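Which chain is which? They are A, B, C and D, in the order written, and residues in each are numbered from 1.
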């Protein structure tokens, strides 16, 4: 598996506050990686740095071998670095179909409106929103908005998809559905980064875990190894959870 | 004084109906030949409303006078006169549009231009296109007349004549006069006057120690007045609209400019200026194209002398006429004269007759030059003395000696 | 010597400018409305003062509170009856609405007051301090302007209504939950904006000739000052006004009066892009 | 679809009527027709930035005025008229693109104020740059030669052509990628960025489009009236009137600006003729009325329904190959 995204000593400071410092890691094609950390650990900031929303204070971002450190968000989107938002960002007065078509037309491959619409249809089918295609985006329920957000990102034909708290606010049945969907997306060969603060959700699906704490990467590796990491337990998980998780996985 | 002005305004509003049709024009069935229709786009509202209303008022007075006499005689027949007026709200685009409406819709025989050189230019372009004679009674900038228009005639004389005679007169009155500061509004007429004066003064050997324009929309003159003060001029010459001049004069006083001669064009020609300034108006000089102290007799038109016009005007409005009133009434006289010469209202014939014109009106002699502008002559210099406007020059009509500002 | 005089000219003018802008800034800051009526409010205040002085022989300073109160009522009513209905709409809507209302007010004034320039001719002379000349009426105007501005500042900070206005500005919904009647606060704020404009007009009638032709000029100044100083704060308007006065004064002297206004507007455009929070840099009404 | 077809037929009839005025009415009416064409073109232009993109731009008068001046100066320096018009168009578009790169970073109120300030700054620069622009004196432009009727007809057809061009551009933008992108920006600029829209370039394109036709209109206007000055060329009234027209018809719609400009100019004419002294107040009243009672404009067709309909239309056309797959 070849490398698709690499971060080299990425740092960001807002005023005097270091939100992200010296983060380095890389992603291989087709991986599912979990990025976890407590609230305020700098996860969303890191996503914003990767997608060009904020300029980096220091460091380098390399995507498919190309230095994209200074890219703008729209360039990231066109290169195949798509993301969803923690707080969903639809075009409220457009229909669901149009929302997805926007992703296809501007971030994806099609050059024509008709092509974009066809693509949008397919993605709506994929996420299970086809029957709501013609309703205004503003009228969707929260789980459906999250699905819309996913469909929009998928329509951009991403190589890497950064899912920022895609499960937040969903109940456990809805989360299961969402995880199912994520597995299907991964099956299409898209590299996925799941950003979460709920450990449990991530552990079941990720092949690899990155742990961010106070803006620093404190651990990296397979889920099992990460859970046993002293620093992670101390900083984030708490001993109880670690013990329970060990039990559960041992039993399985 | 102000109370009267209010009444005057009220009157003006009262008569500003869309069209002022001559009283007794019952024979409207008569052929168009028997009626002389004069069209005038006027600024009855907006920034130039005060000026527009003057034009409207004096033409009403003129029209009443003509109608009282039963009309005008043309080629042995009696012809009625009609004025058709529209308010263009001091909006240049509208002025052109209404000129076109007057020509095509109301089929006027001739046009009168509105106040100001800028709007006169716009109306002149329309008149030229339709080959309808246009009389401009309140546009004095040469740039209005130098476009080779054949149908445009102006009753005011060129600015240059005014500034030259003024420079000469002041030098004569105050031989030690050396330094002049010129400060003008960047607008067609005030700018032309400022430029002309700076040239005339240099030509006469004066030193122009300050020569600047200020933009339309300037709210404060302290920077310029401070600079003028530092230049220590003997003579300050400022041009602009009345509100600019009031403020300029006041700031000169406040900041201690002590030039013995202060000229404001055309400030003192307007009552608003003296009212707005009170004591500070004292001693301010200006030039004007006409003053009612002139005494022409044997003039053409309904008023055979300046005195007759003055008497009628004061009776009707209770105030003294200024040059706008004089020039605009005279323009109507010249027009009637040309129609009489032409023997019809045919626009080509009237135009030719206007070009030939050489007559004396109560306002003074009118003789249009090559470019259509009235030939220069000695124009009055006036000064505010004891809250009144006194004529200083030319000697023939002078009513007072020049006083220096203390 | 010269420089000092120019500076003093600028400061005195600047204080008057601040007085123009403070009401405009308040309305923008709290209501998020660009009030195109502001210039006409000032002129209306000026005319009312002139007429009271001319016909009734009243001293303009005595008339000022009455004029300000009248404008407060007018402003309150306009906001309550009209602007409140669309106050949360985008800027295009609110700006256009106030522009429409301004056309009506302007038309009323030109018909009833005409465009004739009017001025209260209480010429009070000037003070000469070591060669620096300061006109007394401008100093008086400056004093009044500063006093009014200070008063507004105190009201905003100290009084119940002031705190309510600040609360509404900070968070409309939270303020509503706290039991503040937001629409009334908006009307009061707009009324205060008009009141300040009327008071400014009363001060101006003593210094400048007042004519309806100037409504646009005053409005333009308010724009520039607010952007220079920073929106929505009394200190911002004060700093912006003083800065503009001094800048215009120096530009007028060194670059020529023709360029003085241009420099002000250019500075405003640059600041808008480079530092939209203005020189004072406060976001939010204080 | 029939609704859109009806609208197109209505538009064609309207333009036909305007174009017929030289043959059926006097020159004053022709002048009104010219004014309608002029304002329709400008309102359509404004619609790109104000309607589609949702940026409250008040810089129309700056574009119109610069068009006037570039056209007039070119003509005075011997450039043939049509070339002068083209030059004005290109210069104004370039000016807007350069300016847009700076002020389109502003949003909401700041953008509104900035765009008005541009009008003032340009006016002041034009008036103080007397050596080139004639300053407050204004500029005389060589008069169009020919009989008044011929001149009026010629100006009318040129203005109608500009209006049609602006309309054609509107339709193209509306259906294409650019229009779709601008609407995304209108609704959520951050999200638009995230789906791969180069928002800066899209906004600049919209701003330049909103300037371009105004520049042409300005240059033609200058040739027509024969005299321009800074006050009339850069008027704040114009800069507010044009957005009001677009709002009146329906901002962001394809036909709205045309409807709005036509209705507004005709109303203005009517009030001018009948309520001389109060016409400004009445226009103000119309604006107030519009804001309260017609917030969506005369055409309540909002673009979503139009777009959805066209989308559906295309989709049905698309269906068969998909099914075959």
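Rule of thumb we're sticking to: a contact is a pair of C-beta atoms (placed from the backbone, for glycine too) under 8 Å apart; a residue touches a chain by one contact, two chains touch by 3 or more.
All of these numbers come straight from a predicted model, not from anything done at the bench.
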item	value
If a chain touches chain A and chain D alike, it appears here	none
Touching both chain A and chain B (chains)	D
Taking each chain's C-alpha mean as its centre, the one farthest from chain C	A
Cα-centroid distance, chain C relative to chain D, in whole angstrom	33
Centroid distance [mean C-alpha coordinates] between chain C and chain A, Å	51
Inter-centroid spacing, chain C versus chain B (mean Cα positions, whole Å)	37
Centre-of-Cα separation between chain D and chain B, whole angstrom	39
Chain D, residues touching no fewer than two other chains	124, 127-128, 277, 280
Residue numbers of chain C (touch at least two other chains)	107, 110-111, 216, 220, 258, 261-262
Per-residue overlap in chain A, given as positions that touch at least 2 other chains	none
All touching chain pairs, where touch follows the definition stated at the start	A-D, B-C, B-D, C-D
Interface residues, chain C side, partner chain D - complex	28, 32, 34, 82, 85-86, 89-93, 95-97, 99-104, 106-108, 110-111, 216, 220, 223-224, 227, 258-259, 261-262, 265-266, 268-269, 272-273, 276
Residues on chain D engaged by chain B in the complex (per definition of touch)	26-28, 31, 35, 124, 127-128, 130, 135-138, 140, 143-144, 148, 151, 225-227, 229-232, 237, 272-273, 276-277, 279-280
Sites on chain A touched by chain D in the complex	51, 72-75, 77-78, 82-83, 85, 89-95, 97-98, 101-103, 105-108, 113-114, 117-118, 121, 134, 136, 152, 156
Complex contact set, residues of chain D against chain A	175-177, 180-181, 183-184, 187-188, 190-199, 304, 307-308, 311, 314-315, 317-318, 322
Complex contacts: residues of chain D adjacent to chain C	50, 54, 56, 58, 102-103, 105-106, 108-110, 112-114, 116-118, 120-121, 124-125, 127-128, 236, 240, 243-244, 247, 251, 277-278, 280-281, 283-288, 290-292, 295
